Amino acid sequence: MPFEFKLPDLGEGIHEAQVLAWKVRPGQEIAAFQPLCEVESAKAAVELTAPVAGRVLETRFAEGAVAQRGDVLVVIDTDGDGEWFGIVGSAPAARPKPPERRASTNPVRAAPFVRKLARERGVRLEEIAGSGPHGRVRIADVEAHAPSTAAEARGRKADVDAQTPRPLHGLRKSIADHMLQAWRNAPQVTSMDLFDVTELVKARELLLPTAAAEGVRLTYLPFFVKAAVEALRAVPEANATVDDQQQAIVLKQELHIGVATAVPGGLVVPVVRHADRLTLLEVAREIERLVSAARERRSTPSELSGSTFTITSFGGLPGSPLFATPILNYPEVAILGLGRIDLQPRVVDGQIVPRQCVGVSFTFDHRVLDGEGAGRFTSELKRFVEQPLELLARLR
Amino acid sequence: MVQAINRALEQALGSDERVIVMGQDVGKLGGVFRATDGLQARFGPQRVFDTPLAESAIVGAAFGMALSGLRPVAEIQFMGFIYKCADQLIAQAGQIRARTWGKTTAPLVVRTAYGGGVRTPEHHSDSLEGLLMGSPGVKIIVPSTPLDAAGLLLSAIEDPDPVVLMEPIRLYRAVREDLPDRLQPVPLGRAAVRRAGDDVTLIAWGALVPSALEAAEQVASEGIDVEVVDPRTLSPLDWDTLEGSMNKTGRLVVAHEAPRTGGPGGELVASLVERCFYALRSAPQRVAGADVVYPPQLLEDEYLPDVDRIAAALRASMEE
Amino acid sequence: MAVTESGIEQVLAASIPSLAGVPEPFRLLDADGRCIGLEPELGEDELRAMYRWMVFGRQLDERGLQLQRQGRVGVWGPMIGQEAAQVGLGQAMRAGDWIFPSYREAITLSMRGLELTELFAYYRGLYWPADPVKTGAFPIQIVIGDQSLHAVGAGMGFALQKQERVGIASVGDGATSEGDFLEALNFAGVFNAQTMLFVQNNHWAISVPRTRQTKSETLAQKGLAHGVTGVLVDGNDALAVYTVSHWAIERARRGDGPVLVEALTYRIGAHTTADDPRRYQPSDEIENWRRRDPLPRFRRYLEDRGAWDEDAEREAVQDSLARIDRAIAEAEAMPIPTLAAYIEVAGG
């Protein structure tokens, strides 16, 4: 097979050389490494030798002529297949022309996500008026133009929910931790009863004008707060916290009543401090203040701590249950849960009559209170709730 | 953090007799930041020793020692001096694996102090991770907590290739954590999500992690929920975590002390844009040092990315 | 009593460190190959082996040049004239010693376990397919002088692990100006490294002559500044190079301290095949050194002992060529890995 010996790179980028003299003739038998010719490059005159043995078939480039790197200098007939292991190849193939750059025809400004969204909705961005700076199209613009169907949205949301676990953080996490702690540490029992609040309803009605005149919104909660204060006075063991470290019950002197409040993202418990020293209307006003601060996430740390007893009201929530099993506001030993107020059939003087009633759920820490103490508490509470005038007897 | 590094070195020296600690002032003095305090007294001057003042020799000799079977932990006192040993680190130790087709590697660690905000003289606060990120063959780790400093260092010592541990000077004594009796290695190439969030991905490392977290809290009250990702290893980067975050939030802010142009932020932004293009909701932001030689001490605070600049970038990234 | 300007030097003299005198290159063979000193304890077989390596080196160099001219290797660095320096060093090394070369030590590397095929693979452009730790022959160094530090580090490592091995760096005269070389000397001294630094002073660093490389009278004395013993040797006297290298390596091995050996030799050929030495290398100087060719000198020493003759010479040349050609063929038959395969092993 004929072997073509090409002019190699004679050293670090030399690309041409002049043939000075040939040392072989066509027809001559040669051995490997036998001198073939002498060439001169920009750097030096060098002798080129044969990479293979064989018979010289032809020499190209006469003495004095200039060859480029990669040009065939001599063809040698060999026994081999003509392949050789040179690492310096011929001149590089012509580079293909780069494709024409298409001029961009889309002047609409939109972030990649927005474009993707538009594509998915089958909307052309050019048709949407962008509300962003410089007419930029925003997600909301695409949404407005082509809202997703509820099913699509549900599906997307489900996808997102399914794919992205949402870690607990912020308020949700602290609620979670708090509930878990109460659940783990305190054996909790809930006793439930219906209280007849016919009289309470009347009393509140009568007081509404007075409250309005003082700019106070009067709900049932302030009444329950004052009733709870009386019941706690009668059963001080219910106004306490448990110290797990010391394994002790700490009876509290003060009466700071926590009022569980629903806020965006969860639940917080602002505290009505010294509820025993406040009038009914003062309690009402304080509750209003604390709740609105809590809802706007403006509560100060001191407003959210220090309670000795907590009331949680779930009657107004969707579904308005009558009863529930509220979890202790740990480390307090008791919590009062208030369900919905509505007409219930009651037996009065042997007759079944509709009466305004409230579901009352009282959860207590059974390490501290037994059924006896819990019962005493709820009876006291019942007295002041069902007969609000009894509060007058306690007035100082 | 500096104590955590000390504990990690102590643990490594105690459990692997191939480990040695070398550098200027690391022996008797215990290091100019006391990172190697007490180690020479405990393990002897053969294993923990001072070298002459010659950065290229420190790394070049460490390379030779690593070839001979040891696990050297060499110190280059300040990252600004790493230029002096860049050849031995990058062209020699960093290339031996490739040159020998994987048959020979250089298991050495170069510890170096970096970063500003501590009123050092010239050349002592340079952040040169960009230089190294562009040099294949060298791994880079940068902790932001004591546990990570210890854990990453332990992993680096076990690693068969050269690893540069960048120790943020500003955090040496500013961050504290309780350490367990037995320190655990933290794997290289795994980022840590320091704060989970849904609205914008904020990537920061070293001394800027606390600033990033503070900025995130600042804008939280404005309703911006920031996810702070600490890469911990800058080479190789944990693309899984970074991509996952970027795909979730669609917005990106990168904060680093090194100058902006040619800086590490460029690589992060470019790669994440490539990988998560269709999730992008706004233009990525970089909060970085200006394109200028590190400024004199008195101007340092103005130069360094701080909580306010990061918060501003977070807000800007929320603009649609 | 005030000291005058001219008198100050006398007064200062005691405070100025200086050499006792310019060292003489150590020599065991005269120009005609007659032994003029203590003969080393080498048997006839070892002496013949040394000369065969020199013949091999000469043939290898010729072939290497031609391979480059044929486009079969990318570049070749001629070694002609430096055979004695390489062989003397190679003969003095023991199994387990490591050599960190520059790029003009092909003979030494071959003597120490590098397969010629692997060397040709390097020159074809495949990096280093051999295993350095297994062979003890570390890859060619392109960044001048860096390998000095590696040899010192290895020597420090051997000492620490109580291994009786020596790390040897072979550098050229140009390398002795590099910071890394000087830092290596300093470290070697401070740490008493089991290291020998071997300088093949062939008088040229591409086109820069040795006299421009440093104002020092010799390169060997550079060790003095760092508290390291230096020795000057006639690099074209294979016997002397062996004796000095052996002494230096064993000293280092015993833990008696590192040694800097300067072997005086000459680069008869060009720096590499990309160089044109006619532009700077005086031809009379080349001729002068050609007359001091290390091969005939050592051959005459052997012939005087009756240990060599024409037949042996012919056989040595033929064996060398056969070996070389076989290695070339093997190297050219080596499969070329894909880039993907490279990235996978290089990635780490």
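Points worth noting:
A, B and C are the chain letters, set down in written order, and residue numbers restart from 1 in every chain.
Everything that follows uses one rule, which is that a residue touches a chain if its C-beta (ideal position, glycine included) is under 8 Å from a C-beta of that chain, and two chains touch if they have at least 3 such contacts.
Fair warning: this is a prediction, and the values are worked out from it, not measured in the lab.
For the interfaces B-C and A-B, the C-beta contact count is higher for B-C. Using mean Cα coordinates as chain centres, the one most removed from chain B is C. The central chain of the assembly on a C-alpha centroid basis is B. Here the CA centre of chain A is 66 Å from the CA centre of chain C. Inter-chain spacing, taken between the CA centroids of chain B and chain C, is 41 Å. Here the CA centre of chain A is 28 Å from the CA centre of chain B. Multi-chain contact residues, meaning those touching two or more other chains, do not occur anywhere in chain C. On the side of chain C, the complex with chain A involves touching residues 63, 66, 68-75, 124-125, 270, 272-276, 278, 325, 332-333. Listed in rising order, the residues of chain C touching chain B in the complex are 98, 100, 127-133, 138-139, 143, 146, 148-158, 160-161, 163, 167, 179-180, 183-184, 186-187, 190-191, 337, 342, 345-348. Contacts from chain B toward chain A in the complex involve residues 196, 248, 250, 277-283, 319-320. Across the complex, chain B meets chain C through its residues 20, 46-47, 51-52, 54, 56-57, 60-70, 87-88, 91-92, 96-105, 136-137, 139, 160-161. Of all residues in chain A, those touching chain B in their complex are 111-116, 132-133, 136, 138-140, 164, 167, 169.
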